[in-house]
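Per-chain residue numbering starts at 1, and chain names A, B, C and D are given in the order in which the chains are listed.
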Amino acid sequence: MAEVSQEVKEFMKSTIVTDFTKDIQQYNLGPLWEAIPEIMNHTPKPQAQAYLWSDELIKKKMGEAAQIFTPERGGERRAIYFQNPGLTYRQPWGWASTTQTIYAAVQMLLPGEKAPSHRHSQNAMRFISEGTGAYTIVQGQRIFMEEGDFLITPKGLWHGHEHIGTEPMIWMDALDIPTVYAIGGTFFDPYEGGLEEPNIPDNFTEKRYRGGMVRPLGDDKFTVAPLANYKWARTVEGIKGLMEFDPNPHHGFTVEYINPSTGKSANPTLGTRMQHLPKDFHTKALRHTHSTVYQVHQGSGYSVINGVRFDWKKGDYFVVPNWAWYEHVASEDSYLFSVNDLPIMDRFDLEQEQLLEEN
Amino acid sequence: MAEVSQEVKEFMKSTIVTDFTKDIQQYNLGPLWEAIPEIMNHTPKPQAQAYLWSDELIKKKMGEAAQIFTPERGGERRAIYFQNPGLTYRQPWGWASTTQTIYAAVQMLLPGEKAPSHRHSQNAMRFISEGTGAYTIVQGQRIFMEEGDFLITPKGLWHGHEHIGTEPMIWMDALDIPTVYAIGGTFFDPYEGGLEEPNIPDNFTEKRYRGGMVRPLGDDKFTVAPLANYKWARTVEGIKGLMEFDPNPHHGFTVEYINPSTGKSANPTLGTRMQHLPKDFHTKALRHTHSTVYQVHQGSGYSVINGVRFDWKKGDYFVVPNWAWYEHVASEDSYLFSVNDLPIMDRFDLEQEQLLEEN
Amino acid sequence: MAEVSQEVKEFMKSTIVTDFTKDIQQYNLGPLWEAIPEIMNHTPKPQAQAYLWSDELIKKKMGEAAQIFTPERGGERRAIYFQNPGLTYRQPWGWASTTQTIYAAVQMLLPGEKAPSHRHSQNAMRFISEGTGAYTIVQGQRIFMEEGDFLITPKGLWHGHEHIGTEPMIWMDALDIPTVYAIGGTFFDPYEGGLEEPNIPDNFTEKRYRGGMVRPLGDDKFTVAPLANYKWARTVEGIKGLMEFDPNPHHGFTVEYINPSTGKSANPTLGTRMQHLPKDFHTKALRHTHSTVYQVHQGSGYSVINGVRFDWKKGDYFVVPNWAWYEHVASEDSYLFSVNDLPIMDRFDLEQEQLLEEN
Amino acid sequence: MAEVSQEVKEFMKSTIVTDFTKDIQQYNLGPLWEAIPEIMNHTPKPQAQAYLWSDELIKKKMGEAAQIFTPERGGERRAIYFQNPGLTYRQPWGWASTTQTIYAAVQMLLPGEKAPSHRHSQNAMRFISEGTGAYTIVQGQRIFMEEGDFLITPKGLWHGHEHIGTEPMIWMDALDIPTVYAIGGTFFDPYEGGLEEPNIPDNFTEKRYRGGMVRPLGDDKFTVAPLANYKWARTVEGIKGLMEFDPNPHHGFTVEYINPSTGKSANPTLGTRMQHLPKDFHTKALRHTHSTVYQVHQGSGYSVINGVRFDWKKGDYFVVPNWAWYEHVASEDSYLFSVNDLPIMDRFDLEQEQLLEEN
């Protein structure tokens, strides 16, 4: 709303106005003139807060959860999600919001455990922090997961997990749960019979897409997940290629995971990136409409988010809310995995960005 | 989530589980196993409720507002919005939610009044209930509004109003405010100098688009609002055309307003329709992911929404939440204007529909 | 090719070069250095010529054809096409090229005659010059044709004609025959049993689309021909709307026919327009990559095409080849129907345009 | 056209008909009833012929050309193109047609030679047969070429070449010259000053895209050539991935080169593939609307095209016209590079395919 005079401001606080507001609210009517200044801001005013969850906290609580929730006693997925403290008022369960739009969690699967198959209208992704030997089975294809791998299970695909290895596996999950909840589009189906059986060769898509920009013949029509697992070694190779040239001052050496049938983000609603910051690299500050959840995959350093410093190290998670100024500093060679809602902003043509040339 | 045994259900209610939940919540962590059953429903469970606001109530409260809020005393827009009672917990101001995603309001402009120009990242539309003589000015074009006209002001366009006629004007506003608020993309700019001055001939676009499916040369590139005002007479003509054939059993005789440069909905995120139900017509029931706000433009009748009957007549507004079964019955020849969020559902590929062949 | 020296020019004409060219040609090999200057021009060098066919000629020859080709003696369609004199070398039958890419013809159907149904991979359109009482049947829908109507039968749709009236009917046909022939994509199927029987109400689509930019509910998905007949009265109404403002200096008052499900050209590969030039209006010159075939629907005047004057009057047809400078002058109030290949150019991103501000 | 009776056939051959045809042709009018049977076939009747040019012939003639056309004596590009014998009637120069739509040629650049920069509205690609040490410079980026590399220079990009190595280089060129010529959209500009100077690091794009499906940040908007050189090693890696599973019975192990910003063909109008056929592999027969030019990169074998056997070995080129049945047999492990016009067919929705399950 445009600037208003002192007189108007006082009138708006007068009893006559507040009484009228109360009066109409009992009829489920609302006064636009009151609401506009608070819900139509000049620029986004995130309710989400910048926040960091430490590796130690996560490990400790996940360890306790592993004691309590055994396969016998229930709980389909042993996942603890990151609840943004600014969004707890969302009912119920804070809509499991890590940012305004994104749910992020850490999940642990122990050797011998199974997580039954299901499907839903939310888009999901997985980034593997630790361990080996478990597979996810997506639409009949077993995909074995290793550290640094990035996997997608977009909306509508059946998926479940099983651990046939020997050490605990830990990964990050992210979905567009808060967005789908906000607009009222949740559909969910359990798979009859628990875990789906394989009916496609293991690791089928990652082998077929080994060639990079040469694509298997016949994959030219749109598919939601032609490539299901983006292997760590290949991601590193991409970053190495970028390192032959100057880094991007705001992003260092960053790649994004894409869907080879569209050239768009690997996941329809979630942008995902791997960012390499060499030791002592300091990114220039920027802000944008979209929000981001980071997982520190390697290294350590700190980020300044809206003027507050957050120190991070391997295993930590942190949030950069939308329209928050931020910059990263690496104390050692670091790799930051991140998930953002840029594809959602793009669907509504809402993305804006401001770059600071000098921090 | 899949069905769980009684034993598991009890375990999930045990102290060990609830204590753990409380414990992790203090660290801003959340238990997925608790949240899933409540936020990942099998089908959409709308928080929004079916609700009806009567013409008398609206007129009465709007009359009172006109006494209190004069141009001198402030309030850019004299609009009272319809607050869905199921969504009041959304902070602040219930996000001005009429449905999960849509804001709807009634606005009154008195002879001599002006509403200053502004622009915002929300998409807006207007449907004229009563009066004549006011114009809206969109990007320098004055558009005079008459009863039954449908106007759009999609995101990013400057718009203001002025009433140079003699009788009060009343119209319906609808915007995607709750959606844009939920995902954090609000941008808003007041126009310097109050109301924009005209710099394009009055009613320019509606005259140019008089031909229907023959389009002015040069308008082949995408424009967000090539046609700004869809006149009532033309809408009626479209419905008359449909009436030469059988009605649609679920929709009667319904047209939707489209953007001539894309063939898609006139407004990027809001679907809008005019529905004619002849006297005694009874639509077959259906439900779908998208939600709808209705304004009764002419006639009377009732709707059954999830088993509850809502009687309506000219000037009433009512809500059909997402995934609610509904059917309409016209007691006299009726015209229902409606706005829905189908274009939002389509952006996320979330629309599903179920039709009942027999009510 | 870049400018070359005199020495090089002479060398290129030397025996050693011409002998080598002849030598390799016997092995079906060709010298790029010879071909480039002739087939890779700096700007398009149309092989098609500007040309005009007079109403008298067309009527005379069509009258003779009507004597010779009766329904009993054969000939599915009594159509005489306009063969561009610059393209007769194309084998066979000059590819029936009126311009590089477009076939245009005049077709006559006499009372009582039938033209059997068929379908093909070429896109077709019809513009009605004279008569009433015949229908075309497209996918089971009889569409009655009147003077000034514009009809489409895009690729793949069954279509046939029958004349149940009393006076001869004459119309213009245009198809993308030369384009489809050039790239080798011709498919053609005759309809078993001659003329298709109706199974949809007569004139179904034109009645349903009477509302202009309000569209029948349910027509939001892409359809190749949601509206099959664009009536003359509506086209005139569109032009009248434009006439409330200044004419376009290069185009006068021109509308284009569009597909309401896409906002793109009514016909996938053929752009179609109705252009009104008031008495004494003189368009400013322009040229562009696309080519055009005109049919003079009303009035008279002349056009200057690449410096040559072509006088035209009602019933004449003329061609403006691609990249030819042209301007029109109306001696009386005139209406020019035209068909162009701009949608083809757009598919290859080849459209360029130059406007002359002063003739 | 539908089947016609013997009586009609004879009438159509009668003097009255042929005289009428001759008569109207002098006025540049044509009889549709004559032309339809020849230009609107039931299925595509290619004018292009199946044909093979042997490595020996090409090398011999290219050697002679190298003697005659030195940089001093002219000829911007030392390229000999493959003129399809069925398309020589196209004027001028057979439109340099290897198939209906595609130009293919072999080009030789000797050590020390330069080919000046230019740009054009045709899309071009290069596949490297022999040699090393030359670079192509595209929009200021030098790209060094090695055997097996596939390069693109889509429409509108400046490109030139220079050989700074020691051995002759030979590569295949392919462009959409006949298509652009047929529709009349040729634009061509020489670069002022001969060969463009570099202003971007060498081999910039191929290094940046080393990661496969992880893409450099910032490359999410459409670019016509984000990756300019598809290296042989990577192509082989892609094929190796496919070889972990069963071959496609009609295509063996085939990958296609794609544009990472769209997921569509690397070149806007030309599809390009590398096909690996292990020793003794015999593909099942198929035919389709699109046509193909093959270059035998490694190995030997034969193809049966419309019943005629063509034996091939490394360095040979051959054509499969549109709608021709074909199958390949490899006598040793073979790699076939090929270019096709499927993206052109797709633009017109003309692609059809028939597969033979049993040869």
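Simple rule for what comes next: a residue touches a chain if its C-beta (ideal position, glycine included) is under 8 Å from a C-beta of that chain, and two chains touch if they have at least 3 such contacts.
This is a predicted model, so every value here is computed, not measured.
Using the mean of the Cα atoms as each chain's centre, the chain most removed from chain A is C. Rounded to a whole number, the gap between the C-alpha centres of chain B and chain C is 43 angstrom. Centroids of chain A and chain B (each the mean of its C-alpha atoms) stand 30 Å apart. The mean-CA centres of chain A and chain C are about 53 angstrom from one another, to the nearest whole unit. Touching of two or more other chains is recorded for no residue of chain C. Chain-to-chain contact here is organised cyclically: the chains close a single ring, every chain touching exactly two others. Working note: touching chain pairs come out as A-B, A-D, B-C, C-D. Those residues of chain D that touch chain A in the shared complex are 201, 204, 207-218, 220, 227, 230, 234-235, 237-242, 244-245, 248, 251, 254-266, 273-274.
Across the complex, chain A meets chain B through its residues 1-5, 8, 11-12, 16-17, 20, 23-25, 27-36, 38-48, 51, 53, 57-58, 61, 64-65, 68-69, 73-85, 89-96, 99-101, 105, 116, 118, 120-122, 155, 177-191, 194, 268-269, 289, 291, 321-323, 341, 344-345, 347-350, 352.
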